[in-house]
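This is the structure, below, for whatever I ask next.
Order as written gives the chain letters A, B and C; numbering starts at 1 within each chain.
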Amino acid sequence: MRSRYFKQRLFFGAVRLSALVITLALLGILAYILAHGFRAITWEFLTQSPTDSMTKGGIMPAIVGTLYLTVGAILVALPLGVVSAIFLTEYAKQGALSRIIRVGVNCLAGVPSVVFGLFGLGFFVVFLKFGSSILAGALTLGILILPTIIGAAEEALKAVPQTFREASLALGVSKWNTIFRIVLPSALPGILTGAILGVGRAAGETAPIMFTAAAFFTAVLPKSIFDEVMALPYHIYVLATAGTHIEETRPLQYGTVLVLIALVLGIDLIAIIMRSMFRRNKRW
Amino acid sequence: MEKDFIVRTKNVDFFYGAFRALSDVTVDFEKNKVTALIGPSGCGKSTLLRLLNRMNDLIDGTRVEGEILLEGRNIYAPDVDPVEIRQRIGMVFQKPNPFPKSIYNNITYAPKLSGIVDSEEIEALVEESLRQAVLWDEVKDILTKSAMTLSGGQQQRLCIARALAMKPDVILMDEPSSALDPISTAKIEELIDTLKKHYTIIIVTHNMQQAARISEYTGFFYLGKLIEFNATEKIFTNPDVKQTEDYITGRFG
Amino acid sequence: MKNRKHSLTKHTKEIAIRNLFGFFAFLSVLLFGLILVFLFREGLPLFKQISVTDFLFGTAWYPTYEPPEYGIWPLIVGSLAVTFFACLIAVPLGILSAVYIAEIAPGGIKEILKSVIELLAGLPSVVLGFFGMVIVGPWLQETFDLPTGLNIMNAAVMLAIMAIPTISSISEDALYAVPREFKEASYALGATKYETIIRVIIPAALSGISTAVILGMARAIGETMVVLMVAGGAAAIPESIFDAVRPMTASIAAEMGEAPFRSGHYHALFATGIVLFVITLAFNLIADYISNRFRETGSGTL
C-alpha cells in the first residue's frame, strides 16, 4: 500500500512539475522581453520611421504594415470562414460533400506556414502578378487563418440551441432567414472571438509574408494595396539576423519584440476575456 | 352536417433510420375543433405532430410513407414548400422557447419576414395576438423588454401569441403546459378554449384530465399505432378498445 | 393573410443560397488543391536538371555553386533531428500538463494553466526565435563551451515550446472525453487515483493523445522562424546534438529572397516545399485517421 501511494506521489510530482515548467517558460520569456524592451518604448519609437540605416528611429511603418496585413487577412478569412461554417453546420451536416470539405479544411490547417509563403509567391505574386504587396500578403495570411475561423465559427454555430432554429422554422420562416436572423446573431460572440484569435495569429506570422509582402525597409507608408510594407515580425527577424549592427540595435529589437508581443497577446487576451464573458452572460 | 376535415393522414408510416416510429396511422382532424393525442411515453405522439408541419424534415435520415393532406393537398408532394406549410400550421413546443429578443420583436419576427411592412398593421397584430394569448394586460407596458425576463408561463403564452401572429389555420401543441405550474396551466387551457373558435388545435398531452377537459376528439397511441380515435367523451367513458380503457384508468402495462 | 402566395421562386432562392454557400465552403478544398498545383508548377522543373533520388538523398546542398548541387538530405535530416529532440521535451511536458489540467488541478489553477497554454500558443514564432538567439544561444555556448549556441539543442528547446500547446490542448480534450463510468468503475475497485489515471484514463484516451503527439510533431517540422534563427544554418549532416543544422523550412525562408526568379535554386526551394508539404500532409492524415477511427468505434470497444 505504501509503495502504491509513493508511486502516486512521484507521478503527481512530475505532473505538477511539468505544469510549473510550462508556466515558468511563458513567464520567463515575457518577463525577459518586458524587462529589456520597455526602455525602448517611447512615443518616438512608436511614431517614427527607422533612421540611420535602421540603427535608430522608430518602427511606425512596421506597425502600420502589420495592421494593414492583418486587417486584410481578416477581411478575406472572416466572410469566407463564416459562410463555410454555415454550410457545414446548417446545410450539409453529413454527406460526401461536407466530408470532403472537412478533410480539405483539416489539410489546409496542417500546411506549414512557409509553404503558404511559397504558394503566395507562386500564385499571388507571380501568377496573378500582384507583386510583393499588401494584397498578396493579406490574401496569403487570410488563407492561412481560414481553417481557424471556420473551426471557431462552426463551434459557435453548433452552440446555438436547436430550439431556436425549430421555433423560427415552425413559424414558417425560411431556412435562410432563420440562419441569418436567429442563428447567426446568437453565434456572433463566438464567431468574433474566433476572428480575434485569427487576427492575433495573422499578426505574428513571419514566414508567409517574407516572400509575399514584407519589405526590408520602406521610408514611406504604403499608398495602395499593391505596395510592399514593413511588418513587425519580419522587422524583428531582419534586425536580429541581418546586417552589421546586430549588437548595436539590440534595444530596438527588444522594443519591437515587446510591441509585437503586446499586440498579439493583447489581442488573444481580449478574445479570452470576451469568451469567458459571453459564457457567463449566455441568455439560454 | 358533413364534417369538415382540415388535416388528414392516410396510412402514414414514419422511420427514424431503420426504426419505425409510426405504423399505418390514419386519422382525420376536424376543423375548428380540439383534438388530443394521448399515449405512453415514446409511442410516437410528438413524431406525428411534427410530421404535420414537416418539422421532421430537420432530422437527418428520416422517411415518411403514406399521405398527409392539408385541405386535400399532400404536404409531402415534391413541389410543396415546407415553409408555406409551416405558415399555415403553427406549433407550440413543450418547453417555452422565445427568441432572445424583445417581447415585441418575438411577435413581429415572422410576420415581418412573411411580407407585412405596414407598421400600423404590425402594431395591431401584436396587440391582437397578445390579447388572444391572454398576455396583453401583463406585458403591454414592457413590450420592449427581453422575452427572456418573463416567467415560464408567460413565455409559453408569448410563444402561443407568436404562433397566432402568423394567423395559421392549425396550431400544433406538444405538451404545452407540462413544464408549467398549475395556474399557468389553467390559463393555457382557458385560452385554448377560446382559440378553438377560429383555429384547429391538435394537442399532445400526458394529462388525462386536461385531454378530457379541453378536447372534442381524442386519439390513443401505443407503440407507434393509433389504437383508438373517438369523441373525447366516448373515449373517457366507454372506449371501444380494452387497451384504451386500461391506459386511461391507469391499469396499463 | 390567407392569400399568401406560394411561390416556387422562394424555393429556388433557398436552393441557390445553399449552393452558393456550398461553393464558398468548397473553396477551402480548391485552395488546398491550388497550393498543390502551384508548389508543383514551380518545383517540378527542377527535375529536368536532377533526378528525384539525387534531390532527396544527395548529401550536398550547394545551390549557389557552379555547378550547383541540390541534395536536400542534410536538410531533411536537420528537420527530423530538431523535430525528434523537440518531441523528447514536448511530449512528456505536453501530456503531463494535460493530465494535470484534466484530472488533478483544482479549478482556479486549471483555468490559469489553460490560459497559460493558450498564450504560449499565441506567442509568435519569431519571438521564440529571437529569445533562442539572445538568451538560450549564448547560455548554451558558455555552459557547454561550444563554438556556437545556435544548434539542434537550442532549436529543439524553442520548438518544444511551440509544440507543447498543441500536444497539451488536444490531449486534454481526449482525456475529458473518457467516460466517467470508466473512472468510477476503477475507483470502485479500490484503485488509487494514480492507478486509475495510468491504467484506465490514459489508455482510454490513447488515440486522442497519439493524435496530439502527431499534430505536435507536424507543427514542429513545419515551423520556420525558430529554426531559421536558432538552428545554426549549416547544411551538413549533424553528428551531435550541439551541431548546427539547416532544416528544410529554414533553407526555404533564408534562400528564397536571393534565389533568382525561376533559377534552378528557386525551383529547388519549391521542390523542398513539396517534400515538406508531403511530410506534414502525411502527419495530418495519420492524425485524422486515428481520431476518426476512434470516433467511429467509440468507447464501447475499448
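Throughout what follows, contacts are C-beta pairs under 8 Å (C-beta built on N, C-alpha and C of every residue); 3 or more make two chains touch, one makes a residue touch a chain.
Note that the coordinates shown come from a computational prediction; the quantities given were computed from them, not determined experimentally.
Participant: Looking only at C-beta pair counts, which chain-chain interface has the most contacts?
Facilitator: A-C
Participant: Can you name the chain that lies farthest from subunit B, using the mean of each chain's Cα atoms as its centre?
Facilitator: C
Participant: Could you state the distance in Å from the CA-based centre of subunit A to that of subunit B?
Facilitator: 48
Participant: How many angstrom lie between the CA centroids of subunit A and subunit C, rounded to a whole number?
Facilitator: So the centre of subunit A lies 16 Å away from the centre of subunit C.
Participant: Would you mind pulling out the distance in Å between where the CA atoms of subunit B average out and where those of subunit C do?
Facilitator: Each chain reduced to its C-alpha mean, subunit B and subunit C end up 53 Å apart.
Participant: Please set out, as single numbers or ranges, the residues of subunit A touching at least two other chains.
Facilitator: Expected reply: 174-175.
Participant: I need the residues of subunit C touching at least two other chains; which ones are they?
Facilitator: 10
Participant: What residues in subunit B touch two or more of the other chains?
Facilitator: Subunit B, residues with two or more chain partners: 83-84, 87-88, 114, 166.
Participant: Using the touch definition from the top, list the residues of subunit A that touch subunit C in their complex.
Facilitator: 4-5, 7-8, 11-12, 14-19, 21-23, 25-26, 29, 32-33, 80, 83-84, 86-88, 91-92, 97-98, 100-101, 103-119, 121-123, 126-127, 143, 146-147, 150, 174-176, 197, 200-201, 203-207, 210-211, 233-234, 236-237, 240-241, 250, 253, 257, 260-261, 264-265, 268-269, 272
Participant: Residues of subunit B touching subunit A in their complex?
Facilitator: Result: residues 53, 55, 58, 60, 83-88, 90-91, 93, 95, 97-100, 109-110, 113-114, 146, 148, 159, 162-163, 166, 168 of subunit B touch subunit A.
Participant: Which bits of subunit A are touching subunit B when the two form their complex?
Facilitator: 93-94, 161, 163-175, 177, 181-182, 186, 283-284
Participant: Residue numbers of subunit C touching subunit A in their complex, please.
Facilitator: Counting only subunit C, the residues touching subunit A are 10, 13-14, 17-18, 21-22, 24-29, 31-32, 34-35, 38-39, 41-42, 92-93, 96-97, 99-101, 104-105, 109, 112-113, 115-120, 122-131, 133-135, 161, 164, 168, 192-195, 197-198, 215, 218, 221-225, 228-229, 249, 252-253, 256-257, 261, 269-270, 273, 276-277, 280-281, 283-285, 288.
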